[in-house]
Structures are given as structure tokens and as C-alpha cells.
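Just below is one structure, and these are the notes that go with it.
Just so it is clear, A, B, C and D label the chains in written order, and each chain counts residues from 1 on its own.
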Amino acid sequence: MLKAKCMGILAAAGMLAGGALQAQACRIGYLPSTVGQALTQAWKAGMEGALKGKPNVSVQTLDAQMKAEIQVSMMDDFINQGYNAIILQPIDAAALTASVRKAEGKGIKVITLNTDTLLPHAACVTMDDSGAGHLIAETLGRTLNGKGNVAIIQSPPGAQAGINREKGFRAALGKLYPGIRIVGAQNGEWNKDKAIEVMNSFLQVNKDLDGVFAVNDNMAEGAMIAAESAGRLGQIRIWGFNGQKSTLALIEQGKIAGTAYTNAYNQGATAAKYALDLCTGAKKEAAATEIVTIPPFAAMKDTVAKIRPEERW
Amino acid sequence: MSISAVRRLILTGLLIAIGAALSFASPAFFTVGNLMTLLQEASQTGIVAVGFTLVLITAGIDMSIGAIIAVTAMLCVNFLYYTHLPAYLFIPVALAGGCAIGWFNGFVITRFKLPEFIVTLATRGLLTGLALIIAVKDADGFVKNVFIEDPLFLRFGGAIGPVYFIIPVFFALAAATQFFLKRTRAGTNVYATGANPAAARLSGINTARTLVGVYMFSGFCAALAAVFLSARMMTAMPEFGIGSEMDVIAAVVIGGTPFTGGVGDIWGTVIGTLFLATIKNGILKLGLSPYIQPIAIGGIIVVVVVVDVWYKGFAEAVAARAARQKRLLDGEGA
Amino acid sequence: MIAHTRLRRLLAGSRLFLILILMMAGLSLLSDRFLTLDNLTNVLWSVCLIGIMCSGAIYAPITGGIDLSVASIAALSGIVLNALMNGAGLNLVLSLAITLGFGLLIGLVNGIVTTRFKVPAFIVTMAAKTYLFGLAMYISKGDQITIMKPRAFLAIGIGKWLGVPFPIYIMAALAVASHILLKHTGFGRRAIAVGANEVAAKLSGVDPDRTRILVYILSAGTAAVAGIVMASLTQQAYAMNAGGYELDVITAIVVGGTSLMGGSGSVAGALTGAVMVGFINNGLNLLNMPASYHPLATGLVILAALILNQGMSLPRTLIRWMARLRPSA
Amino acid sequence: MNGMNDDLLLCAGIDKSYNGPQVLSGVDFSLRRGEIHSLVGENGAGKSTLVKILTGVTQRDRGSMVFDGREIPLEHGRTAAQALGIAVIYQELSLIHGMTVAQNIFLTREPLLPGLRLIDRGKMNRMAQELIDRYGFRLRATDVIDGLSIGQRQTVEILKALSGKASLMIMDEPTSSLTAAESAQLFEIIRLLKARGITVLYISHRMEEVYQLSDRVTVLRDGRKVAVLEREQISPAEIIRLMIGRSLTGRESGNRMVRSSGEPVLEVEGLCAEGRLVDITFQVRRGEVLGFGGLVGSGRTELMRTIYGIDPFQAGRIRYLGKPYVPSVARSIAGGYGFVPEERRLQGIMGGLSITGNIGIANLDASSGRFGLVSGGKELDHARQAITLLNVKPADPDIPVGNLSGGNQQKVVVGKWLIRDLKLLIVDEPTVGIDIGAKEEMYQTLRRLADSGVAVIIVSSDLAELTRLSDRILVLRKGRIVREFAEGTVTEEDVLMASSGILQEVPP
């Protein structure tokens, strides 16, 4: 029955392509790992921007509360409700593969954000986690002239995005700057006050800490607070990841060295466009997942100005 | 009709009412597909809740069930990833693992006379850690969530026609446990231990053994749930199920099993789980903002429990007054 | 006989503290960085949120109840505060006052539902945890709001006096206040009495409902303070902050020798418990132990501390067991 | 007629010491088949230890024990005792709430379906009902315990024992929580058991019961057997003399009433509380001990709770110290009331807390100083005062009240009022389940209070106690005052008859 419905949509889309402005409903489900994050907020904003004025297009957001089980059951819910497309930020690649396959099987187009799943689906619009990690390592290494001590504030063990960022960073550092030692890596639980705690212990153990890489901006800001209150912010170059606007502001103030900025609005918008085109049939689904990579940009004191206010999230 | 029976009816009535309301509110609710998903969700919580009900009947509590799910799931994955044993060999081992953890809880509680809440809270931490440690790691030592492809194992996540395999299992387990509670000596001992341990001991019941057994069963149920969960997700993550204990507790308590022990049964828990699952599933259909949803869920839970408790108090007050009147009339003793 | 009981009580009281000392000794052997003034300050700084919550939340277990909503209250108050201060542009003091009042109001609601409707505190506060989180999400639209001004506010969390961050003073002040409240005021006496035997307390002129309501107000109040401190410390109003802290709080309280069945409690113990957990985390960080091993280590230490420490609460626990099992008159 | 073969139990030279103090020394003790044998003695005389040895809860150090012609080894366990047919009706009822009569009777011995490990409910209920009918009790096998009266619950306890084929039934303070009527029923049952050849070992502090029931009485004192009295030798006075080794002051029964002339402290007029009290009118004066008689459930306790301010009332007026007064617990305490509730453990003491804590909670007003701070010093003084006033043992203000003997717990409950400016003391069942010595002290305390000008109201099911203590007795029945004994001599019989409505009603 759902299949039939999709056929209908495709047919209608054909007409739409033919210029007849008789609109067909396109219901898009948006399922981020959590709704409580600057990044996922920005994605949503981006989507809404892209879909503004489009007739009969609706976006429903659900909150997976950082739990794969919940995300899977919410996927099922979108499927049962016969949504036409789902924009998903998988909490875990493996854990969501099954539901993505199920959705695709029902003819529902799935666009994943940031984390690709193990089986092919419509598209994956991603910021390049490991690439950006590489970029950060490169820039940080350069500013440290290839030597010094660096600490990492990690994501909780098992969080894919964080792991990829850290891996990229470590790999690049090892390859490009063997002179830089990684003196510590501790879990900041994506969370600011934990990051303060972790950073404090780094500061205790390493009297000569030169750089810190926090795998998201939130934790970078926490590290900044700790370093500042220890009066050692001057000597330590702190890098974040994502480029949310609060961090960009801190970069301008010179408190945070830099972050890997990705234009999340743009990313969200791209995902939304894919979803729309796929369900209006303006675009056909390819056999393999279509990977769209939003390139990261190393935002530092001198380059951050390039990011226009309307691009800041 | 007994007070508890009426309470049961009220809850069931509420459940049906809410179900009906949702069916009107959203065409997507009352469809085979959705109802099956709903039942699947309910069963996922329900299997754990069945074990937890027994713990609550003994006036105890088990905060570690979520963590047990995590550990058992990781255990299964380890077997799949490192050994290539067939599922029917290692699943029993995993379930036994759940029992073993339950035994540990029961042992510490009875041996050191520590409050159940804090002991199981401590084991919760312990197991959370254990799950991370035994998690499959990649070359650089980062946790790697394995994609399970073993067809036999995956069958647990599958369905017979539209009916997910977990659903009949849940109802079977519930029925069996209810039967156990009401029709076997061991079951009676569980109630006795919860209602009045001193008296139970006087009657020659080994309350310590009963408690340990109950926690083992709770562990077993959690482990069983873990198998189904990881089969459905085709992977296992070290954080599986952690935090789900709150849902389980809510379901059981809504089902009318109090914290004070000695009372309660599985049917109540079944209704409670269905109730919770219905609310959670239905709320998604109403196109509410995700920020409103927790408010609604929390609110509904409070209202339901308040109504239930209020009715209980009211009914008991009426009964007591009647008794007093009677006493007054025939002047005899209380 | 008298001397004996006195002695036993003294030993029992200090037992947890001895465990703490042993732990510190062990850690300072493992890491030369551990036993430095800076580091110890940092540990206190990192436990101050839990500590502040404990100082108020401890009264719930003392009356035989529990409060699982403290973390959500903390997160919510941070958001409310920011909304008032930077949203509505009220001045700092006024916003702080209103936020605190709001916290107390939540406590009042929790208290009323538990006492008047006789719903178990566990369920009431668990549900409160859920919908308060939702409320926080709703008000903040789920944003991570960065708080850059006013300076005075930011000082609360990171400002220092004599090299010691303010939050530690706040924690100390609240803990001392709470200790006095528990050990030297009528309210403390009443709370303990209600936990020990509600009926007997009632017949001796205690109003159990009133006492309980006050208890939950108190608990929510300190949670709100913790929320304010957290908002200032992290310079952020964010619904996700403090997630899961309620369990850490309860752990600290119980490790500190407070029985969940009511009738006894020790603020000093609860704080010792909190600090103990703080030391474990700090130690693991200093030793740069891989993140995967932290929860296990923490869990083990807590369990060990419990078993070593339970000697003191054992007899009381047993008596209370008996008391609890009688159908109350 | 009573030769050796007639003896069910023969104990000789039983010694028992709990690491140190000798609890039983050389106790000889025998039970005849089908007799009702009372075991009396003050608390600490060794009664409970002897029972524990019989039931195998603890083991004797020395001495021989022959039950039913069989020699019982030293290591004699609880299960062994049960197997022999020795059953105990515990003072603390040991029934499981939420379960039916049948379930309780057959707990852990449920009849199983043949071949299966499953309980045969039908059979269990049938068996239970048969048992009930055989003894002609008014019970249904399917009744849930929670709905039964204390008396009925005790019957279930007895049935539980009977179902185990008991040949010796030990009853420890069985009437402590029973009404007069229920006690009467219990005595019927006991006689029935005797008639069926079951031996009953009866332990009680209530002399009139021992007197009514026993065929023989064994008296213990300080772990020694001081006497075994045959039926014809039994007299309450004699027993008490043997128990405490001195004769009691005061008459055993019958007491002159005296009208007190002090000004009224509490005046109650036309008090009505729906379902509980009907048109209650009375007053109590300074220095007077006003006794309330009547069966439990006649509204005595309800009346006390109402005038203290726990339960509400619909109609009527109360004047306290001459002023109109609407009671509330807090107000009453502030105004100089004292209240000693009916059920000590559930309503009186806070077992987990120290003596200081228990006494302090009622005297916070007295012990708190500036800024509402409570002075621990003052509280300790209060505790010490109470301890010395009532000579609480042990005299350690720090020990948990839960660890004290019943008598001393009651002293603590009373004690917390004595350090206040007390004007009216309400005592509900002052001496239930406490030993003779403590009883005596309690009586003296109450009398002393009255003499010092306090108005004392006591409620008691122990008629000897009531008649002995009171200056004036009001008898309640079905929520009304049916009789006042204000002058002349009053005997226990008078009160009992009034309570049970046999005496024609003469409203005061």
C-alpha cells in the first residue's frame, strides 16, 4: 500500500516536472541524535530555509535523546506513518543500518547526516570528520612549529563522530609532526563542565602544555574556561570542532585558537533539497549512496572574518 | 469487587480511552504496522519489567537492569565477533551471565544487609564500565560497534508475518511468571518475603535465598531483553539500555505494584507497559514539538499515578468507615 | 556499656573519613601531582555542583523519601536565569532571586504531590525530572545559550578569593548551614523523627506533611543554586547540562552513611562521599587512564566504600527494616 | 491418675547461659497431656528462654528433655521441634498480609497437585475450611488477612499450628492485643484444644487470665523454678508473691471511688464524631484519675484521639482550663496535654532514635533558644530528668529506644511529657505487655502525677488496673458513655458487665 502511494508520488512528480503546479505532499522526518545541540539546531534552520515557500512540504522533528534504541524506534515510527523522506543523523552507523534498510525497502528516501550507515541509501550529506581532524592537526602542528605537548579532550567511548575526528587528528599528527607528543586523552562527555574538570587535570600533570584538541566546540569552551582561570590560556592553543557561533566569537577574542568550521546551514539545506527532489521525483535514487561532503574550514583569528554573520550558527 | 480489581479496571479503561483518542487524532496510529511496533516497544520494556516486578514485590529495587542489558549485549557481540559459535550455543551463556550478575546483587544485598537501591546503583556503575571494557575495539583501541550478520541470531529481531518474534515471547514470559507467582510455593515465598520477612522466616521460608533468586530472575529478564534488542539493532553498543530502568520502574508502578512490597502481579505490569508504550508511541503521531513531548509524558504519568493513589485512598477510607459503623453496631472488638 | 556505644559511634562516624584518607594516600603514591594544593582545589571545584545539591537533597532520604528531579531543576534554573537576565534584561540580583524562587516553587509542587496525594516520592520526582527537562528544552528551544554577561554573574562560577574559586565557598557555606539545620534546629529534628516513625512523630506534635513539603522545597532550592553556579561556571544555559547528576547525588549521600529508609543522616558524610567520587575521577584523569576504565573503577570503589562503611548503619538499618514492615497505624 | 506416662514433656536440670550470665539454672519443668499449663515470671525470669529451648530456636547447655517419651538431644532445632508437634503462637502475629486465611495456614506446606510442583488451590481451601469448621470458628478460608480483626488473626495463627498436627501449643502473651470479648473467645478455643487432648503452655502477665485458665502454674524467678502450683493452690496474689518475692501494696480487686474537688481541666459536652462517638459529655478535674472502661472498639481510643486533636469531630463543645478549645495536636501539646498512645511500637516510640531523640521531639519548644537553634545540652538534661524520674534502664540517653524492654520503652513515652508543665495526661493502655515490676512503677508514677495536680485520663482493658487506679470510671459502649462509677466500691465485674451491656444503663 505504501509502495503504491510512492508510485503515486512519482507519477505526480513527473507532472510537476512537466510544469503543472499541482502540488503533492512531501512529508520529511528529521531525526538528529539530539535536538539539544547548536549543530542540529542549525541543520534544522538550514532545512527550513531551503524549504521555505515550497507547497505542501512539512518537516517533523523527533528527539532521539542520544540513544540509539530510541532513534531506531523513532525510525520505525516515521516508517509506519509513511513519511516520504527521512533526514537522519545516525547515533551509530551499525545500529541504524537495519532501520535505514527497512525504510528504503518501503520506498522511503533516507538522507544521513555526518555518519554514513553500512548499507546503501539515498544520500549522505556529511562534514568530513576525519578530514577536518587532519586539517586541525596540520594547522595546530604548523602554529606549534612541529613540536610541543598536545592533549585531547575526547567524546564518550563509542561515539563514532568523536572517534573519527580523534583518529584523523592522531593520524595526521603522527605523520606530519612526529615532534609533537600527545600527553593525554580523556573523556569530556561532550559536555562543558566535564571538560573543565578534565582540562584542570591536564593542567596539573603537564606544566608545559602547548595545545589542546577538543572533539567539539562545547568542550573546547570548557577547556578555555579552565585554562583561563589557571592563568595559562596564553601558552595553550585550544582547538574545537564544528564552529558554532559562540566559539567563533571566542576565536575573534583570541581565547580559542581555532575550530574546524562547517557551514551547518548549508549542510542542512543540501540535505533538505535532496529529500525534496527525491520525493518529488526530480531526482532518482542511485544504486550506491550519494556522498556529499561539506568541506571543513579552519577558522582562526585571522581567517574567521571570512565567515559571514549569516553563515554563523 | 476488590479495590485492586477496580484499580486494574480504571487503568485498563484509561489505556483504551487513550488508544481510542489517538486513533481519532492520527490515522497512522491504529494501523497493523504501528500497533506491532508499539507492541514490540512494549515487549522490549515489558520483558525487563516482568523481572523487575518480582523485585518490587519483595520490597526491593534493581537499578542495574539497564546496565545488565548493556553487558549482556556486549557479551553476545563478543561471541559473534571472536568465536564463531552458533547463536544457540552462546545465547544461553549470555542469559546465564545475566543471572550471575543478578546473583551478585542478591548476594551483596543479603550478605551485607545493604539497601538494595544503592547496591544495584553501584553495580550499575560497575557494569556500565564492564560493558565498555569488553566492547569490541579496533586497532587503535577505539570502541567499534560490530554489525551483526549471523542469521540465526538476527531471527530474534525478526517477525512471524506482521508479529515480531519478541511479542509472543513477552506474553509467554508474563503468563509463565504470573503462573509461577500464584501457583507455586516459591512464588508464594516471594510475596511472603516482601510482605513480612520476619513472619516469612518464622514460617521457615529462606528469605535470603528467595531474594537472591528474585534478583537472578531480574538479571535473566534483562539479559533476555538484551538479546532481542541487539538482534533488532543488528549490533550492540556499550550504552545499550542504560537509563531505561526509569521507564521500567514507571511501567511497573503504573501497573499497580507499590514500592512497599508484598503486593502486585504481572498482569498489572503488562497493562502498565502497554500504557507507557502507547503514550510514548502516540505522542509521536501528534506532530508535537519534541520539546513538548517529555512534558506531556511526565505529566500523564503523574496524573495517572495520582488518580490511582487517590482512588485507592478513597476506597479504603470508605471501607474503613463501613467497618467502624459495623463495629459500633455490634459493640464487638476491632 | 555507655562508653562502649559512644566509642562505637565515634569509630563509625569517622570510618568513612578514614577510607577517604587511605584513598588519598594511595592516589598520592600513584601520582606525584595528586597531593598538590592546586589539584585538591580543583577536585573540590569539580565536585561543588554535586556537593551543593547534596546539602539540600539529603533531607529527602532522611524523611524516607528521595528526590530524583534535582538535576533537571538545576538545568532549568540556569535557563530561567538567563532568560530573565539577558532575555528580559532584569538586573542580576532580581533575576537570581526570581530563579531561586522558581526553584523553591518546583520543590513545593513536588512536596505537595508527594504528601497530599500520597504518591511515592520516587515516582513524583522521576516524572518531575522528565517534564522539567522538557520545560528546560522548551524555554531554551534546545539551544546551547552562551552567557557572556554580566561580568558579576560570571564571577560566581570562576571568580576566586585567596586562590580558591567561589563555588567552593558556596558549597562550604551551604554544607555548614545544612549541617546546622540538621543537627541543631527543630526542622532537622522533625525531619529525622518523620523518617524514624511518622506516626509517633505526629503524636508528638510534628506535622509530617509540612515537614516533607519543606524538605522537597529545600532540595529544589539547593538544586537551583547549583544550577546558577553551573550556568556561571560553564557560561552556558543548556538543558542537557547536569544530565544524570541526580544519581551521583544519591550515591554520595548514601555512601556518606545516610539510610534511604529514613531516620538518620549526615551532611558531612554526604560531602565526604561526593569528594571521594571526585578524587576517583581526578585520580583516573591524572593517571591518564583510558576513558573506558573510569566507570568500572568508580563503581568498584563505591561498592567497596559501602561495604566497608555499612558496619555503622547496620543495626539501625535492621531496626528500621522491622519498623517498615509493620502496616503503619 | 497422673503417672509418668501421663507426662507429655519432662525437663530436668535445664541450664542455659548466653555467653556469661546464667539465664536458666537447673530448671525442672513438666507438662501433662491435655493440660493448660501457665508459665509465669517477670521479664528476665527466663520464660522466653525456656520457650526458645522447647521450640528449638536456641539450644540448652545442660539438662535432659523428654517429649512424648522420646529423649530430645541437646542440638534440637526448630524444624525438629515442629516435626515433634511443638507449635508456637507468637506474640508478634506472624501472618502474611495480602494473603488469604488458607494461604497463611498452609504457607510453605501448600498441598500440591499430584505429580506437579503446583499448588492445588481448591484442595488447599477445602482443607482449610474443614479445619476451621472442625473447631467451629467464624472464618472463611478465602478471607484475606488484612480484613480480619486481631482476634480472628490470632485464630488463624492457632489454625496454622493445628494444621501442623500440634500436640503442644505454646501461647506467648496471646491476649496482649485482644479485647475482653476476644479474650473470652480465645479462652473458649483454648478449652476446646484441651478437650481435644492438646496441651497448652500459656504465658501471660495478666493474673486473672492465669487464674481463670490454668490447670497448673509454673513460676520462674531469676532463671530458677520457684514453684509449681496445682489448680486448687492457684491464686493471683500468691502467684504474684512468688514471682516478685514480695507481696503487693493495694487491693487486687474492688476499689472505692472518690469525687475530686479540683477545678475542671477538660470539659467535654455533647461531642459527636460520625461513626465513632455519640453525644459524649464528661469532665476531668485537677488531681483526678479518670478511667475509661469499655470494650476495644467501644470508642475509647477514638475519644482520646479526638480530645487530643488527631481526629476531627462534628458536633459538641470542648472547654480546656475553662476556655473554649478546639484541639489540634500542636495546640494541645503547647497547652499542657500529654498523650501516651495505644500501640507503643507503632505510635509511641521512634525505635531507631536515642532516648534523647524520642524525648526531645516533644520538647523542641523548651530546648530551642535564639535563632530557633536547638540546644543539645538542654535536650540531654531533659532526657536525664526523664530517665531519673522514671528510672529508665539502662540509664544511657544515647541508646536506641528500640533496644529497650517494653516497660522502659513505655517509660520513655510517658517521660517526654513529664518534663513539661503538664496539666492533662491521656494514657491509652498504660501497661500492655510490660512486666509486673514496670507496671507497679507506672501505677505509682500516674498516681504521683495526679497527686501533684495533673488531671490523668487512663484507658485500659485490664479491669484490675482500671478499678485500682481510677478515682472515677466512665464506661463506653457503642460510642456512648453508658455508665459512670463515681462513688462506692467498684469491682472488675461491675465494669465488665457495664461494658458488655449487661448492667442496665444509668446515664451520668
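In the analysis below, a residue touches a chain if its C-beta (ideal position, glycine included) is under 8 Å from a C-beta of that chain, and two chains touch if they have at least 3 such contacts.
These numbers were taken from a predicted model, which means no experiment stands behind them.
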item: Winner on C-beta contact pairs when A-C is weighed against B-C; value: B-C
item: Chain whose mean Cα position lies farthest from chain B; value: D
item: Chain centre separation in whole Å, for chain B relative to chain A (CA means); value: 35
item: Centre-to-centre distance between chain C and chain B (centres being mean Cα positions), rounded to whole Å; value: 28
item: Whole-Å separation of chain centres (CA-atom averages), chain A against chain D; value: 74
item: Overlap residues in chain D, where contacts from two or more other chains coincide; value: 97
item: Of all residues in chain B, the ones touching two or more other chains; value: 132, 135, 143, 195-196, 198, 243, 289-291, 293
item: Where chain C touches two or more other chains at once, by residue number; value: 137, 141-142, 290-292, 294, 322
item: Pairs of chains found to touch, sorted by chain label; value: A-B, A-C, B-C, B-D, C-D
item: Partner chain B, residues of chain D touching it in the complex; value: 78-79, 82, 90, 92-99, 103, 107-108, 110, 112, 117-119, 121, 149-151, 178-182, 275-276, 295-299, 477-479, 500-501
item: Of chain B, residues touching chain C in the complex; value: 59, 108, 112-115, 117-119, 121-130, 132-133, 135, 141, 143, 195-198, 243, 246, 249-250, 253, 258-259, 289-299, 301-302, 305-306, 309-310, 313
item: Residues of chain C defined as touching chain D within the complex; value: 1-2, 5-6, 9, 180, 183-186, 188-190, 192-193, 196-197, 199-207, 263-264, 315-316, 319-320, 322-323, 326-329
item: List of chain A residues in touch with chain B within their complex; value: 35, 60-63, 67-69, 72-74, 76-77, 79-82, 92-95, 97-98, 118, 156-158, 160, 163, 166-167, 170
item: Residue ranges of chain A in contact with chain C within the complex; value: 34-38, 40-41, 154, 156-157, 183-187, 191-193, 196-198, 200-202, 204-205, 218, 221-222, 225, 228-230, 244, 246, 249
